[in-house]
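There are two complexes below, and they share subunit A, which is joined by subunit B in the first and by subunit C in the second.
Showing the complex of A and B:
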């Protein structure tokens, strides 16, 4: 009786050890797959014996030439453009999204339901469709090509009110009794927002700032439309995309890698520092829909 | 169809229940169609009734109102001013002035400018005089003279209509306010002062203040462009009819939709076939992209969360890298890794595993598999984060009691974990399916739509095998032969597909909770 008991006990333990080993193996394989492209890109950015694609990983000659070469291209202009856009969008978009989501979460006014349904339907139109006209309008305003930066900021923030879902979900979880208590004490709605809700909403504010800041680094389509043909107005994505096209790739491939590293480092560090808030936002957004 | 009572239903086997559910779904289609039809009829009926009510109210207010109210019908805000609400009155009056200025006076004062009335009158024709050659006395030669601008006519025409609607609404508010003010004064109470009005903007009317800026942005930069682009689908606006420089464009009716969708006829057939092909691939792509990520992401989350697995944080951080690094870097790089002369092929050749490079991006089927696989690389981390949060919320005693009842890990997964996950993430699955349908970045950065589909290349844009509707749309709008009207038709069709899928799935989801319950 007792031997049988220990045997099953041992069996369970052994089985769990086996399954854990399998999991570790899988996780290690996955980590390798996930890291490989990033390790490759870093290694190739230091390769100086050739500038085109090669079939081996470790550079034969190491050096910072690719990074130094970036300095002589428009890369620094693109980088600055993207940074300005990202900063402006992070601030303005956060304000707009918070206004929108707080209102839709807390106020019950007549047009609230229709408004939310309307925006749901609007969101089903492919946004790309509106690019043609937005481009023409921006062009008439003189905000394209070399002046693409203010034009892009305007377009990015103008419609950002539509992305209120995640933060509205967060506001919904803050108990309404807090508002009511403050109202009873004589606070106006504005005071409720600034003194009661915003301090509690720190995670979602950081999440919104973080996503707003990161988006412009990756935007490609509209930025390419707006800056069409003018290097001075490009962002990093548009500029570096051209380096990988047929006519440029043999001279610029390793420089693309170096540029990629320079773009990725600050964004990645920022993301890793604020990861906690990002996870909170993403999970909350998915659960509340 | 046979109807089961609850007891009979429970007696059925799993398969019979499943079949019964499917059968009853199809059986319910006629009824839901009828309901949808009735809803639309009711919708219009209600609108007409509402308009009727408004008009009768406007008339009775005029008949019963005092002279201040009556003058307000012509001079907006007069009643407000006369009753002491100077701020409101001035705002109404200012709006009326701006409206009149825009509609009629702006065109006269500014040389070469046009007022709203002009744009509105040109809207039906979209311009009469195109660019043409004209004899120039000074130069003694023929020069090109530009005429009307179809693009501007359409744009400002739409804008003017928006403005007129806003004006009518404001005018109606003006009348309503007069009526209310009369009632309040009659009951002996004082009216709100301008100061109180301003204060209410940060208090009981605070939502209007908060929404003003975001809604202006949405109306100007989303609603207006969408209305404009929907209208473009009914014109012949393209690269050779740009409305000003080379030729005017004009209304075409439903011609473009006929071209896109008709299966008969010889020249036009290409469009419908291409559209069908791309739509099929878009749906296949969206299905695989959503569900591979969903299940693999859940699986990874469960692995990392398992008891006894160490350094959980490290695993998560490594995976999350693909979210942190901008997609244009990671995707472009990966796309070049798998190129014919890329590093993967180079290494495989060096190791003598293959004798000629694998055509990852040149073979249609392989390219399609590759984009789905690489999308897993991008997508798993998101799902892992989401699933981690949800899995932690599943009550642990469910697992313990099921283990006592003898359930193995697989049974626990299918009976507890999966139903729980599906229930909670239902709406998320739906939105991620539709956003995958419009996943421009992954496709465009990885393949740019390649390899080219020669059979379909006579349709607008060079169509490739991995092109989604959204990348096709993009291709149609760029380059020399840009066919904006076709892009617009594609966009409308995408909207219809997304809307239909959303409506059907939304109705089937169990986890649509009442918003107020949730709070």
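Showing the complex of A and C:
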């Protein structure tokens, strides 16, 4: 009896070991495939024997020349533009989204339901549809080309209230009696939000900041449209795209790769520090909401 | 310390449901008033309107002669304890209790003094640095009470504060609330669905049903002189037995005829029937289970269905010949061992009661006929 039992046990163990091995091999292959472009870009950014594309992957001569050369171009300006836009959008959009979510979660007012449905439907239309009219409006306001930075900030935060779903779902899971207790304790609505709700909703706050920062950081279409060929108003994506034009690419290809690495750094750091909260934020609203 | 006055207070929700109808009540300074009633009777809604957490649709609420209808909860100078404690989970017990004081921007040393003082009274000093999730239900409730205590507010509101606790702890906390009340010496408004809590805590009890006040009175009043059938059945456990019968008068003496047995209504109750001119009419006769006794011989013949042994007393569920179900409370000590052993399902016995324990209600209006 006992031998048979042990054998069955061993069989199970071996079987799970085999399936685990298969899964891990598959995962490793997938990650390598997924990482190839990134590794490729990093390697190219350190290659200094030629600024043009070559037929091999590993550089023959290594160095920081491409990175140093970046600072003699408009890259600094583009990077700063992108950073200002992303930071401003992260701050403003987070404030708007959290206030909006709190309001929709806690206040009962006329037209609340229709408003939420309206925003849901409105959100189904792609943002691109509004591009032409937005450009027109921004141009009339003088917020295009050299003034693209404030213009873009305005465009990105304008519709941010509609992104309330995830955080509203999270707020809904926080008992209302906490708000009521705080209000009886002497807190204003704003104090309830800042002293009671937000500390309890940390994952969702971080999730909101991250997504708000990421969207403008990597945006290309709107940024290109609004800056419209004026270098001073470009973000990194648009600016660096100009290096890929036929007349530039032979001198700027490896610099383009170096720029790409620098662009990826802040986002990577942000994600590595906050990924725990990010996952909680993404799943938290869904499961509890 | 303050008086609270509600005049014609009404709560109508958006879907036109009326939760509270014309609520009139004056609560005196330092009085302990309990709102009691089954769920959905509007007691919590009324309390929340006093707290400012619920809008008042009609009427006025005054605290210390100031109409507070349009004041935010924070400006009403009230403290409230919630059913689910509503402790801030991210703060320590100390911070929870200190929260309102910090909002008032009191100096930290004063806050420290008040918080430690409250913690000492409630016996939670050793938990001050813990988070609420590391506390038991009873400890959490104490923190919630502490949070309300430190504020020196005019009115102390409690919304079913004990209903999340187990029975034993509830008894203990009930006694503590009585002590707390003596220490704080302020106006209390307490909401519960538990009539025992209402009876033991309240100076006055407000019994509510479907948004209406059924009766306001001291525990003794509502127990001895219930204004209507609802109050009679709601207050007291097990609930009052109701028997359809009629009152007759024969030569100045009054009789009732429950299940064909003639019982005289003597003493004070008989006098009251005479005063009110109630005779030769149908009534609903109310008799509390503890007022029914087992007849040595005769009495109303009943059959025992279930015998619940409660320790110091037995709850006998019996039914009469016409299948009316009644409950009889018999102190265990009154019964011989042999008698006790006989009390099993199917056993036939006789019951009776005296005139002085009877209550009379109108079968139509359900109002008490003699009070």
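In this text, the second predicted complex is superposed on the first by the 274 of 289 C-alpha atoms of A that agree within 3 Å, B and C clash if a C-alpha of one lies under 4 Å from a C-alpha of the other, contacts with A are read in each partner's own complex, and residues count from 1 in each chain.
The rule we apply is simple: a residue touches a chain if its C-beta (ideal position, glycine included) is under 8 Å from a C-beta of that chain, and two chains touch if they have at least 3 such contacts.
This is a predicted model, so every value here is computed, not measured.
**Student:** Contacts for A:200 in the overlay, against subunit B (first) and subunit C (second): which applies, first, second, both or neither?
**Tutor:** A:200 contacts subunit C only, not subunit B.
**Student:** With both complexes overlaid on chain A, does A:109 touch subunit B (first), subunit C (second), both or neither?
**Tutor:** The answer is first: A:109 touches subunit B but not subunit C.
**Student:** Who does A:188 touch here: subunit B (first), subunit C (second), both, or neither?
**Tutor:** In the superposition, A:188 contacts both subunit B and subunit C.
**Student:** Who contacts more of subunit A, subunit B or subunit C?
**Tutor:** If we count touched residues of subunit A for both partners, the winner is B.
**Student:** Figure out whether A:180 sits in contact with subunit B (first) or subunit C (second), or with both, or with neither.
**Tutor:** So A:180 only meets subunit C here.
**Student:** Following superposition on chain A, which residues of subunit A contact subunit B and also contact subunit C?
**Tutor:** Correct list for subunit A: 188.
**Student:** In the complex formed with subunit C, which residues of subunit A make contact?
**Tutor:** Residue list for subunit A touching subunit C: 108, 175, 177-178, 180-188, 191, 195-196, 199-200.
**Student:** Any idea which subunit A residues touch subunit B in the complex?
**Tutor:** Its residues touching subunit B are 16, 19-20, 23-24, 26-27, 30-31, 33-35, 37-38, 40-41, 53-57, 96, 99-100, 102-103, 107, 109, 119, 121-122, 124-126, 128-134, 136-137, 154-155, 157-162, 172-173, 176, 188-190, 193, 214, 217-218, 220-221, 236-237, 240-241, 244, 249, 253, 256-257, 260, 263-264, 267-268, 271-272, 275, 278-279, 282-289.
**Student:** Please output the residues of subunit B touching subunit A within their complex, sorted ascending.
**Tutor:** Touch residues, subunit B against subunit A: 151, 155, 199, 202-204, 206-207, 210-211, 213-215, 217-218, 220-223, 225-226, 228-229, 300, 303-304, 306, 308-309, 315, 317-330, 332-334, 336-337, 339, 341-343, 345-347, 349-350, 377, 382, 385-386, 388-390, 424-428, 431, 434, 438, 440-441, 444-445, 469-470, 473-474, 477, 484, 487-488, 491, 494-495, 498-499, 502, 515, 518-519.
**Student:** Under the stated contact criterion, what part of subunit C meets subunit A in this complex?
**Tutor:** Spelled out, the residues of subunit C in touch with subunit A are 14, 51-53, 72-74, 78-80, 82-84, 86-90, 99-100, 103-104, 147, 151.
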